[in-house]
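To keep things simple, chains are lettered A, B, C, D, E and F as they appear, and every chain counts its residues starting from 1.
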Amino acid sequence: MRAKYKLIASPIAAGLVCASGAAAQEAAPVASDASVFVFNTLLFLMSGMVVMFMAAGFCMLEAGLVRAKNAATICLKNIALYSVAGLMVYLTGYDLIYGIGEGGIIAPLNIFWGGDESGALADGYSAHSDWFFQMVFVATAASIVSGTLAERIKLFPFLIFVALLTGIIYPIQAGWVWGGGWLDARFDDFAGSTLVHSTGGWAALAGAIVLGPRKGKYVGGKVAPIPGSSLPMAALGTFILWLGWFGFNGGSQLALGTISDATDVSKIFVNTNMAACGGVVAALLLTQALYKKVDLTIVLNGAIGGLVSITAEPLQPAVWQAILIGGVGGVIVSLAVPVLDRFRIDDVVGAIPAHLLCGIWGTLVVPLSNSGVTFFGQLTGIVTIGAFVFAVSFLCWLGLKYTLGVRASEEHEHLGLDKAELGLEAYPEFTPG
Amino acid sequence: MKYIIAVVKPHRLEDIRNALTTIGVEGMTVSDVKGFGRQKGHSEVYRGAEYQVDFVPKTKIEIAITADKAAKVVEAICKSATTDRIGDGKIFVLDLQEVVRVRTGESGAAAL
Amino acid sequence: MRAKYKLIASPIAAGLVCASGAAAQEAAPVASDASVFVFNTLLFLMSGMVVMFMAAGFCMLEAGLVRAKNAATICLKNIALYSVAGLMVYLTGYDLIYGIGEGGIIAPLNIFWGGDESGALADGYSAHSDWFFQMVFVATAASIVSGTLAERIKLFPFLIFVALLTGIIYPIQAGWVWGGGWLDARFDDFAGSTLVHSTGGWAALAGAIVLGPRKGKYVGGKVAPIPGSSLPMAALGTFILWLGWFGFNGGSQLALGTISDATDVSKIFVNTNMAACGGVVAALLLTQALYKKVDLTIVLNGAIGGLVSITAEPLQPAVWQAILIGGVGGVIVSLAVPVLDRFRIDDVVGAIPAHLLCGIWGTLVVPLSNSGVTFFGQLTGIVTIGAFVFAVSFLCWLGLKYTLGVRASEEHEHLGLDKAELGLEAYPEFTPG
Amino acid sequence: MRAKYKLIASPIAAGLVCASGAAAQEAAPVASDASVFVFNTLLFLMSGMVVMFMAAGFCMLEAGLVRAKNAATICLKNIALYSVAGLMVYLTGYDLIYGIGEGGIIAPLNIFWGGDESGALADGYSAHSDWFFQMVFVATAASIVSGTLAERIKLFPFLIFVALLTGIIYPIQAGWVWGGGWLDARFDDFAGSTLVHSTGGWAALAGAIVLGPRKGKYVGGKVAPIPGSSLPMAALGTFILWLGWFGFNGGSQLALGTISDATDVSKIFVNTNMAACGGVVAALLLTQALYKKVDLTIVLNGAIGGLVSITAEPLQPAVWQAILIGGVGGVIVSLAVPVLDRFRIDDVVGAIPAHLLCGIWGTLVVPLSNSGVTFFGQLTGIVTIGAFVFAVSFLCWLGLKYTLGVRASEEHEHLGLDKAELGLEAYPEFTPG
Amino acid sequence: MKYIIAVVKPHRLEDIRNALTTIGVEGMTVSDVKGFGRQKGHSEVYRGAEYQVDFVPKTKIEIAITADKAAKVVEAICKSATTDRIGDGKIFVLDLQEVVRVRTGESGAAAL
Amino acid sequence: MKYIIAVVKPHRLEDIRNALTTIGVEGMTVSDVKGFGRQKGHSEVYRGAEYQVDFVPKTKIEIAITADKAAKVVEAICKSATTDRIGDGKIFVLDLQEVVRVRTGESGAAAL
């Protein structure tokens, strides 16, 4: 479980100690209640800001990895999905996550988040800051989907799916763990390797199956690569995601106001950073070994794979463990990208290897560094959440397919979604046609 | 008059242009093209999938010139374009019936 | 009024309470004076950093929406205008804003800001942190102008106008409100819908009128669109602006060190974010309804329109109100872009709808959520500031027109300002001609 | 000296005062030990984040200033070098910097940083936060090298050099000053004009000499400019670097938790910002005067030159001094770029003028604003560090040259490193050839 | 010899190239062009203003070939380029007087 | 039939297209090229180094037309392309032996 509960145990304890005056000086020094509150709130705000900026990271990564003729559409999808996520988390999502009650399976539906700050003092942070932080997490999961399905999915069906994902699917399973539901006691996912990244990955996988590959991607038993239009843009996107991940993982400590929390957040920063470094170097060496050429796009995916891998437990591992965990993430990505192609699952930006597979890996490896966590418990969470998200997403995609249709017409795909759906071009002066 | 179209390796352009200027060519038009020829492209790996790159980037040079100078132009291009490697390019000579300079309306060899 | 006064009332009060020892624990807990000071200062620094980064956002947005042949010039203008703004705020601007005296109309001219930290303890924050925060606000107003006038204005006349705007025009009107001048008592503009965004918009409008439209924009009674050269770059710019806005509005709380300030900053973050979401979704649906195609460039403007709309009062509205206020901003932008064209006011990036019109809307709607504020008072501020900024800017532009000339020659415009004024190309290997 | 020592003198003192209870209220108010600890740690984390993001800034700047055919490779180098730097600082770097002992010349080799937090309370910040902050500094130095040597250096030799630079060369000289080694008593370099920027610059210069210029850069006694492929990308990179510099210089205060530290960080922000403004305006005016055209690429270098110049002492100068120091940096850059060409040192992005020369200038000018510092002491540091870094780098480059080779073959250079080394293109749909 | 210029829909290039290779064409040169023809472009809306897009992106293929094979080439292009929709493109046949292979200096049909 | 190649200043394209449409030209193909001609480029300064820009961006227009209309087309281009400044461009007229419309297989003048 995340959020509410934990904090009651820390800053407030600190507050009590503080209130008892001079006594506080005997143990480790503590800050005043008010400072702790401000620090915790600030952690949410600062972290939330950079996680919000991950939307730009996904936008750039995806715009760089699609063809020029679909680049404007993917930008539109990214800014729209973030906005839809915001509205849906407000409408139903937040209350579905946190209204669930201990050990519960689903929260009673409650629309419009109330913004109640009355419990804030006891929680040790502003309710609004927490809401903001949770909201940007939900948007992240949706961003994962847009990349996989790029270049062929119609705009409005995609946005409808995003609304379902961010308003219902994600919140239900997040409630199971972070809301204190039935999985919370047996399963550990610090910042969301499973809850956010695999969830996004499962939803993307379901969509990719329903949607089918892009025209021309698999021709006569062969994979025809469709190179991305701007690799520097993709690199920029990766750097932005890396930056955002400090907030993603660091903010998930949910508290900053005590010496121990501040130290933990620092450890998380270091481990997050080093897991990404491990992912990059692993992907670099592995693509060189496999293909005799370093593949930049896989190295970028490797950074993300490393980051996703450490997300389930960025605090406990020693630094060298973090490097290895991230490094394995980089390996997974490098190997899985071509495997996925063998199954003819067309994942435009490599989101399924990086977010889904590395999310599973990162969750499974938690017991190694975290003694209170069992391998079996982790598996339970991965399987139940995976099954739930995949199944419901699949049904949603099918529903959309047989009503509005999800796939752009062959002609639109040829022409590019930019011209077909937006009636404009991303680079009108450059693209040859 | 002749209309000469040469398809060459992009990085030879500078030398070719110099060679042509030396023999008195006063104008030419250049564009970027993709070539399919003997030089067959090559196979590459992208995101773990091997594929064939069929075309090679080339530069197309178009020169209008009086018939008497055409042979010299072809020779100059040949010499300055060659790297003695496959893909050095080709030169096509077509018959040119008329030329007009837009600004002055002059036509024929005077317009070249 | 903003800055100085308000803070005297909060952290210092907190400080006094704190100094009285145990008594503090009876009411809401308070942090120590020193912590409050550091928190407040940190808010300015952190917010100032991301607002500074808005300069990059404007740069990308504008570089993406101009043609390739003017993209390098607009980048130069953006980095130069920020630098000129910095120098002018130091030279005259800051003292003109805050030297005005209660109820005053104009401050005595005082050159070179002194950097006096002697009042800092009483103010509850470092004077330098406040200066930095104010400086980046001024730069924002100037950035608005560069977008509208892109592709046809000459570099040095533009920079001279920026110097006048940031050194004199903006500071005078900002002093009226945030400096505690005559408007302060009747008019409310929390973070600058009017003071920053409309001010930038009025200055841009005056410039657009004096300058006239780009060649080829209005041909024989028809509008000939001039598509932007890189929409992904424009999308990146919008995301950066969105990020920066958390600092823009959040930092305008001017204090973070108490529980109530931290909670307020959190509310501001949520409202700011949701207004932008509202603006995006409104523009998306509206352009789809109007044109049967979603127009990405207007959706991007819609995000900004939503952000500007909530800027006048990001704290008081409930979240649903923030969504609506931002949504109306998105509507305004969608409708105003073509209307502006009807008046043959050529606004290259849509800055006038987004910053000027939404700034007015946001300011007018404050009384709805903020009982202490009157509609009439708001109107007074909008009209007087608008009249002042527009009139003075118009005179400055005319003055420049008849001395140095403001408009690039027709030939330079054809060629593109990059080649004509900078003697280089933004994308030398790509641009066809 | 930086880090460890200094802090013992400040927050802990504050802590002691605080512990003595009411007495604290008589002098300037102080925060509790715990708050000070959290503030200091937060400063490292927040600053470290934006300095990490400077890797994206360098990546964009360099990708924008190389030709399209080398843009993917430079992106790969940038993400890889950051990752290698992370691993090397963990392996040997950090302990080499801080294990040196007072007055020492070189620390005993110690592999794998231990992550010991036991001294944190006494230090006043989390050891991990400090490690993170130091690590991103090291990466910065390596980023400088990649830009200078772009478009012709082979990938793996480059990465091996990065490993040597970040794991050995940088740490040794940084230990001399920031680790408390022999230079610490006589030499002052607040945030690393010499230790980071000149170090990167010397390493780059040695590489440029060993490597030689790009083919076609110097033809028959003439300089043939090789324009960068995307100036807006270069502008974005510069803005990101500017943003990161607030963390670079501000974080180097190493403490935030007291009123005086918070005020000092604020002063550093203002001076850092104004030095960059000075550099921009100086380069703008000077290129206009010299070439009758403003050169955007030099103006961007001017911003960086201004930032590097103020880095040696961003706290003590008055604002007008900071403007001048930065302005001279802009002048240096504008004049040195063509001079370097005269020596046929081919520096693709202008890193040597901006980082090496401005680093020297910034270090030399410290005595003007900082009475405790002597010109001779500064010179000692500049010369010894310069000689050490240049000589060792030169040997490393030579070693690489005669083993693996450092330079791409002529054919690869013609083709572009993207196709030759990565087997892909940065902009496959756009590039003509 | 003939110099054949075909202006076709970009996404047909792959098929056309295959068709031509099959009938023995060994070289060709390809570039991106904009076409104005019967296919009239279309109207679009940008930032609320409606406007006419007059040109359509097309691909230009140039092939030098011996006279006897020219008819076959034209036919092969026709077949492989057609989508039976307006804008399928056009083929122009010009007379080619001379060809030279840069690398070897060979000329005439041998150089093709 | 004639195959007309005109190399003109890019910003005149709109007017030229209008002029041609007026006299009944129904199709044309346009591409971006670099021109080297009398208009010699100019010198620029980049990062403090002076250098010569040798080429000028131009637009190439290709038009296939029946022989009788060729003169009118050349005239129309001349008129609409001129700015009376150096670099206005040139028009080349080649002989066109055959045209085929891909979609219908029509050939000759009917295919134009």
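Going forward, contacts are C-beta pairs under 8 Å (C-beta built on N, C-alpha and C of every residue); 3 or more make two chains touch, one makes a residue touch a chain.
Remember, it's a predicted structure, so these values are computed and weren't measured experimentally.
K.L.:
State which chains count as neighbours of subunit D and simultaneously of subunit F.
P.N.:
B, C
K.L.:
Where are there more C-beta contacts: A-E or C-E?
P.N.:
Result: the pair with more contacts is C-E.
K.L.:
CA centre of subunit A versus CA centre of subunit D: separation in Å?
P.N.:
Roughly 32 Å separates the two chain centres.
K.L.:
I'd like to verify one number: the distance from the centre of subunit B to the centre of subunit C, where each centre is the average of its C-alpha atoms, in whole angstrom.
P.N.:
Using C-alpha averages as centres, the distance is 53 Å.
K.L.:
What positions in subunit B touch 2 or more of the other chains?
P.N.:
31-32, 44-46, 58, 94-95
K.L.:
List, in ascending order, every residue of subunit C touching at least 2 other chains.
P.N.:
Within subunit C, residues 31-32, 35, 42, 46, 227, 230, 236, 291, 293, 295, 297, 423-424, 427, 430-432 contact more than one other chain.
K.L.:
Hey, which chains are touching each other here?
P.N.:
Pairwise, the chains that meet the contact rule are A-B, A-C, A-D, A-E, B-D, B-E, B-F, C-D, C-E, C-F, D-F, E-F.
K.L.:
Could you pull out which subunit C residues touch subunit A in their complex?
P.N.:
My answer: residues 14, 22, 25, 28-32, 35, 39, 42, 46, 50, 67-68, 227-232, 235-236, 238-240, 242-243, 246, 250, 256-259, 261-263, 265-267, 269-270, 273-274, 276-278, 280-281, 284, 291, 293-297, 299-300, 303, 318-320, 323, 427, 430-432.
K.L.:
Which residues of subunit F touch subunit D in the complex?
P.N.:
For subunit F paired with subunit D, touching residues are 44-49, 51.
K.L.:
Going by the contact rule at the top, pick out the subunit B residues touching subunit D in the complex.
P.N.:
10-11, 32, 44-46, 57-59
K.L.:
Enumerate the contact residues on subunit A facing subunit E in the complex.
P.N.:
Going by the criterion above, the answer is residues 414, 423-424, 431-433.
K.L.:
Can you tell me which positions in subunit A touch subunit C when the two form their complex?
P.N.:
15, 18-19, 21, 31-35, 37-38, 41-42, 44-46, 48-49, 52-53, 55-56, 59-60, 63-64, 71-73, 75-76, 78-80, 82-84, 86-87, 90, 112-113, 115, 117, 120-121, 126-129, 131-132, 135, 155, 230, 233, 236, 421-430
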